Amino acid sequence: MINLKNAKWNHYINYIVVAAVTIIFAILSLTGFLESSDKYLLEKIAIAITLAVSLSMVVGFLGELSLGHAGFMCIGAYLGGKAAVILEPMLGEWPALIVSLVIGGAVAAIFGIIIGLPALRLRGDYLAIVTLAFGEIVRSIFMNSSKESFGGSLGLDTPRFNKDILFIIAFVMVLATLAVTQNLIRSKHGRAITAIRDNEIAARATGIDVTKYKLLVFAISSFFAGIAGVLYSYSNFTVQSTKFSYNYSIEILVMVVLGGMGNINGAIIAATLITFLDVELQTILTGNLAVLQDLIYALILIVLVIYNNAPALKPFREKYNIKTFIGRFRPHNPSKHKDDEAKWDRVPTKIKMDEVLSVDLQVSSPYTPDKPGKEGK
Amino acid sequence: MEFIETLINGLSIGSTYAMIALGYTMVYGIAKMLNFAHGDVIMVGGYMIYVGLTVSGNPIISFIAAVLSCIILGITIEKIAYRPLRGASPLAVLITAIGVSYLLQSSAQMIFGSAPKMVTVADLGSISFSGLTIPVYVLVTLICSVIIMVTLSLFVKYTRTGRAMIAVSEDKGAAQLMGINVNRIIMITFAIGSGLAAFAGLFMLMKSPSLSNTLGAMPGIKAFTSAVIGGVGSIPGAMLGGILMGVIEAFSLKIPAIAPYTDAIEFLILIIILLVKPTGILGKKRREKV
Amino acid sequence: MKKILAFVMAAMMIIGMTACSGGANYTENNTEFIIGVSGPLTGGAAVYGVAVQNSAQMAVDEINAAGGLNGVMFKFIATDDTHDATKVAANYASMLEGGMQVSLGTVTTGPGLEYSKLSAEDNVFFLTPSASGDKIPEFDNGYQMCFADGNQGKVAAEYVNSLGLTEIGVFYKSDDAYSNGIFEQFKENLDPSIATVETVFTGEASDFSSQISTLKDCSFIFMPIYYQPASIFMTQAKGIIADNAVYYGCDGFDGLAGQFEDFSVIPQEVSMLSHFDSNATEGAAAEFVAKYTEKFGTDTLNQFGASAYDCIYAIYNAMNAAIEAGETIDVTISASELCEILKAQFNGGFTYSGVTGNDISWDESGYVAKGAVKYVLKEAN
Amino acid sequence: MSKIVLKTENLGISFGGLKAVQNLNLEIKERQLYGLVGPNGAGKTTVFNMITGVYKPTTGKFWLDGEDLTGKGQETINHKGIARTFQNIRLFNNMTVIRNVMVGLHNQPEFRCNVFTSIFRLPKHFKIERAMRDKAKKILDIVGLLDERNNLSCNLPYGKQRKLEIARALATNPKLLCLDEPAAGMNPHETEDLMKIVRRIRDEYNVTILLIEHDMKFVSGLCDEITVLNFGTSLVQGTPEVALNDPEVIKAYIGG
């Protein structure tokens, strides 16, 4: 196999894949091999990945359920878009892009901290509904804004960036999101964050500053949602608030959950596939067939989630998954797992979410030595 | 006078929310899952009433048919989409619930078309006294909500099945060890919840006779919000939350300057209530054992 | 496992995408003229999109049955945008790359704002049946078959001014481009001596008791909204708003009568300012209503469809007129070339008579000029 | 003897009307192994919860090294030098053993680095990570879990999980280490092993240890001094031999 240390390979694989895809498509785009529809699709995929990865920070690593991610994106889209409108004549295209990315991200991050504050007091469903409420409030405010400020119900007209280049920028942003998210998670701070998720009381007792880290995660997560929003405004001629309803937040959540909680690569793949499926269904099923879109999407969603999560299907999953399939062609390397480096950064693919959705149940059940299913060694 | 009038309007809006929230809170409080498809079961209930009226012309028969079909639908959804995920992450169940919601909506559009249907269940008229006019359906909805609330509370408190429900909501594993058939209890919960959804469908149609496949979506979210305001899993809380939500909405719509922001104001008040009382108005706070 | 999956997927996508790349001329393989539209075929606004799809398809079928354009057939594609502007770009690109030569733009205003700019870049002609926003025909490739919102508001205000009222009620949807667009111009052109009682709703609200009680003393209520919420409002307002009051709406009201089994349960007078009445009993409109009802029933019968039907015929007639004037329109003509030809026609005195009006013409900016009629949908009981 | 590490004065808490603990006066001296015993429901864990900041005492005060920590938050109290384990084990289940300990090392001054250092992968980040791992290995060695360091903590057997909790608490470099039933669920052999570990920790790290335990052999074999609690009040204080033979204590345990 590749003569790199396993750990390093593991860490950088998604950068390499994303960068390779970006470069390949950039070349194809600049040599005129890509249709507009491909470019639109790529833009959408990049934005979806940014959103999914940033949301997985909150849901997967911090273990809090947020249904307001679209709200942060909305802030980024409107403020970044407005900044672009104002700055583009003054600064030119590229500086305006950079400044509006920063503005959109920063303002979204500030709101992330504001919404992070209730997260210190609320858990589970209660936090979920508060984030959902926040998203709807943001949407309502932009919806009813005056024509001069944010365009009101007609939406804000924003400059559309050159479509040959925008998706490349969007993928660079994906790389940036990945870099920040993964570097943070794979550091002592990331350990503190996952510690809070695993057991908040123990984390506090171990001296972890829960307040600081919760706010940090909300800030970073919404920063990148804001960035995605700015990219969104650049990829459309108008920004309309109807887009940012709770349904869109849920769509992003679906990507995170399908990808596997706390699994960044999974979130990337899920975001790509869902966006791809969405656009393909939309453009293939025209006319009278359009009604089938949601039906097919819903069926795929239900089947996938049940297949991936049903406890009864566990043996089946273990028997027929890609890992075992690939494993047949690859010599088993038992020494790999002994390496301290290799497992140092293990990101759990499944986290215990009992506490996320059921606050008034006992948060975590005490361990009993004879509990069935947990075997001692 | 205007105050009382607005209050009555608030009750009118809130009674629907309360009715939906009661069904929501049953499923939500006992099966511990956010059933995002609940609003769409209401929609199916509405369509069933429509079909019943078209076929039989009798509101009572069509309503009974709607209740039965909603119960069957609820049980089926639970069996196919939720039961396989018992024991898996609650988020996975949340996602299948969303899938079921999409499925029901698009099926409804496929079967009944995209145009809204006008369904006139029964014109109950309105009663007036001393300058106030109250549509009768508001009173009927309110009275029915209260009856349902009381019945549910008594059912949960005093029947064997009801107590088993509480046990299941507290701890599924322990309940199972005590000999409770958890699957059966959750199935009954879904049946009750879905039956209540048919009630909600009926009352929504009595109020606004226009029936489309998105009928339940936004009221569903508002009702969920109401249930959270009232306190998750609390039956009187759902009622209280719903009424409160309706009254806030009515008063907000009354003031021209803030009327367009009505939804935002409702949600803002939700946030404030939760910040002051993190478990909702009637929610129980439980201390974690350390 | 996941990383390998990622690789496989990336490779798959690269193959999939490069395979479909081609030259800039998408129409060279066309064997029919392709007309496209993007509209809400699913979701809350589906009824409008479906109406457009049905009617446009009906018109295309009729034209083809009659031999097409000098023997060349037409093909109509309707893509679904669920009233979401974000989805328009993908629809537009896929239709254009699929050989679309001329289009009906979008069905609704929000997505239309996106569509008008996209199509302006490629110079693709569109004549929208129902995206009535004032900014829709912003560029010279865009035309409207419906009245622009602002104009409707203006005409409605002029009508109200002529009634000599002192106070009117207004009920509109504050988060809707159509409703807002009409209301703004209405307010601007309304005689300042007329007091207004304004009420709003948002989203898919279905309980208007609060708004109704605010408006209960008004004898004239202007409602620039679509017919579904209007029907709910009227049902709920029974017995609260005076029986001799008047409900007055714009073209969105069309289809209202079809919502009620018996419209006479509403005691008030209901009238609208529109270009089409789906209860028409004579003329081209009645003919359209009969044909549509036979094929699709009355469920989705509304002015959106009538307007779309006219759009197809207007484009067809304009192409015919251009050929008579000596232009050649080949089946593989590019969208941009056809756009120039049609623009020359539409700006050059072309008129059309059809379901939604007679001697319809267009000005340079793309707005339609045709007679707006006050239809009384229902007399007061 | 030496100076007093933890002092409580009239410490008490009531939940609603129930007085869970009242008028508790403790004086724990440096490097002491101090036991807190009593029948179930006597309020031992509640005492722990008060001095680690989980609950705020309703009456009284407590001092660590002379500093008043009453009413401070859990994090602050930990930073000041009180670390604890839990009766119902609370590990970070999705982390490997070594990472559990590294979370404990999070706030140590020598491992401080800000978020940006980590996000931008500055050299300091790598240096700190290496140093933390080495330190964690040392701590794991003491509790005998070095070989298990790359296993998920939830896969450890019960006894080892308890040891890991001790290691994690120890990693925060406490002045006072509070162990809540460290020997619960262990077999006699493991208990003996644990006694050695606890002593070794005290000796090598100069830490004062306060522990709750039901195993009287464990308590009398290990502790220098104990306090017996019953119904939230202190019955007897003294050396294990004296205290455990006190008739009041026997009565409390036997009941009646």
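Letters A, B, C and D mark the chains in the order given here, with residues in each chain numbered from 1 onward.
Going forward, a contact is a pair of C-beta atoms (placed from the backbone, for glycine too) under 8 Å apart; a residue touches a chain by one contact, two chains touch by 3 or more.
The structure displayed is predicted, hence computed values, not measured ones.
*Asks:* With contacts defined as at the top, give the pair, A-B or B-C, that has more of them.
*Replies:* Top pair by contacting C-beta pairs is A-B.
*Asks:* Where centres are the averaged C-alpha coordinates, which chain has the largest centre distance to chain B?
*Replies:* Measuring from the centre of chain B, the most distant chain centre belongs to D.
*Asks:* Between chain B and chain D, what distance separates the C-alpha centroids? Give it in angstrom.
*Replies:* Going by mean C-alpha positions, chain B sits 48 Å from chain D.
*Asks:* Taking each chain's centre as the mean position of its Cα atoms, how many Å separate chain A from chain B?
*Replies:* Centres of chain A and chain B (C-alpha means) sit 31 Å apart.
*Asks:* Between chain B and chain C, what's the gap in Å when you average each chain's C-alpha atoms?
*Replies:* 36
*Asks:* I'd like the Å distance between the centres of chain C and chain D, where a centre is the mean of that chain's Cα atoms.
*Replies:* The separation of the two C-alpha centroids amounts to 72 Å.
*Asks:* Counting only residues that touch at least 2 other chains, which ones in chain D make the list?
*Replies:* 54, 86, 88
*Asks:* Please set out, as single numbers or ranges, the residues of chain C touching at least two other chains.
*Replies:* Correct list: 41-42, 174-175, 202.
*Asks:* Which residues belonging to chain B are in contact with no fewer than two other chains?
*Replies:* Where chain B meets two or more other chains at a single residue, that happens at 106, 109, 114, 260, 263, 289-290.
*Asks:* Would you mind writing out the residues of chain B in touch with chain C in their complex?
*Replies:* So the residues of chain B in touch with chain C come to 5-6, 8-10, 12-13, 16, 106, 109, 113-116, 118, 120, 123, 125-126, 133, 135, 138, 204, 207-210, 212, 214-215, 217-219, 249-250, 253-254, 256, 259-260, 262-263.
*Asks:* List the residues on chain D that touch chain A in their complex, please.
*Replies:* Answer in residue numbers: 52-54, 73-75, 78-79, 83-84, 86, 88-96, 98-99, 102-107, 111, 113, 115, 118-121, 125, 128-129, 132-133, 149-150, 152, 154-158, 161, 168-169, 171-172, 185.
*Asks:* In the complex formed with chain C, which residues of chain A make contact?
*Replies:* 13-14, 17, 20-21, 24-25, 28, 33-38, 40-41, 44, 140, 143-144, 152-155, 157, 160, 232, 235-238, 240, 242-243, 263, 265-266, 268-269, 272-273, 276, 279, 282-283, 285-288, 290-291, 293-294, 321-323, 326
*Asks:* Can you list the residues on chain C that touch chain A in the complex?
*Replies:* 1-7, 9-10, 13-14, 17-18, 20-22, 41-42, 53, 57, 77-81, 83-87, 89-91, 93-94, 96-97, 109-110, 113-114, 117-118, 133, 135, 174-177, 180-181, 202
*Asks:* How about chain A: which of its residues touch chain B in the complex?
*Replies:* 59, 65, 118, 121-122, 125-126, 128-130, 132-134, 136-137, 140-141, 143-144, 201, 246, 250, 253-254, 257-258, 261, 291-295, 297-299, 301-302, 305-306, 308-313, 350-351, 353-354, 356-363, 366
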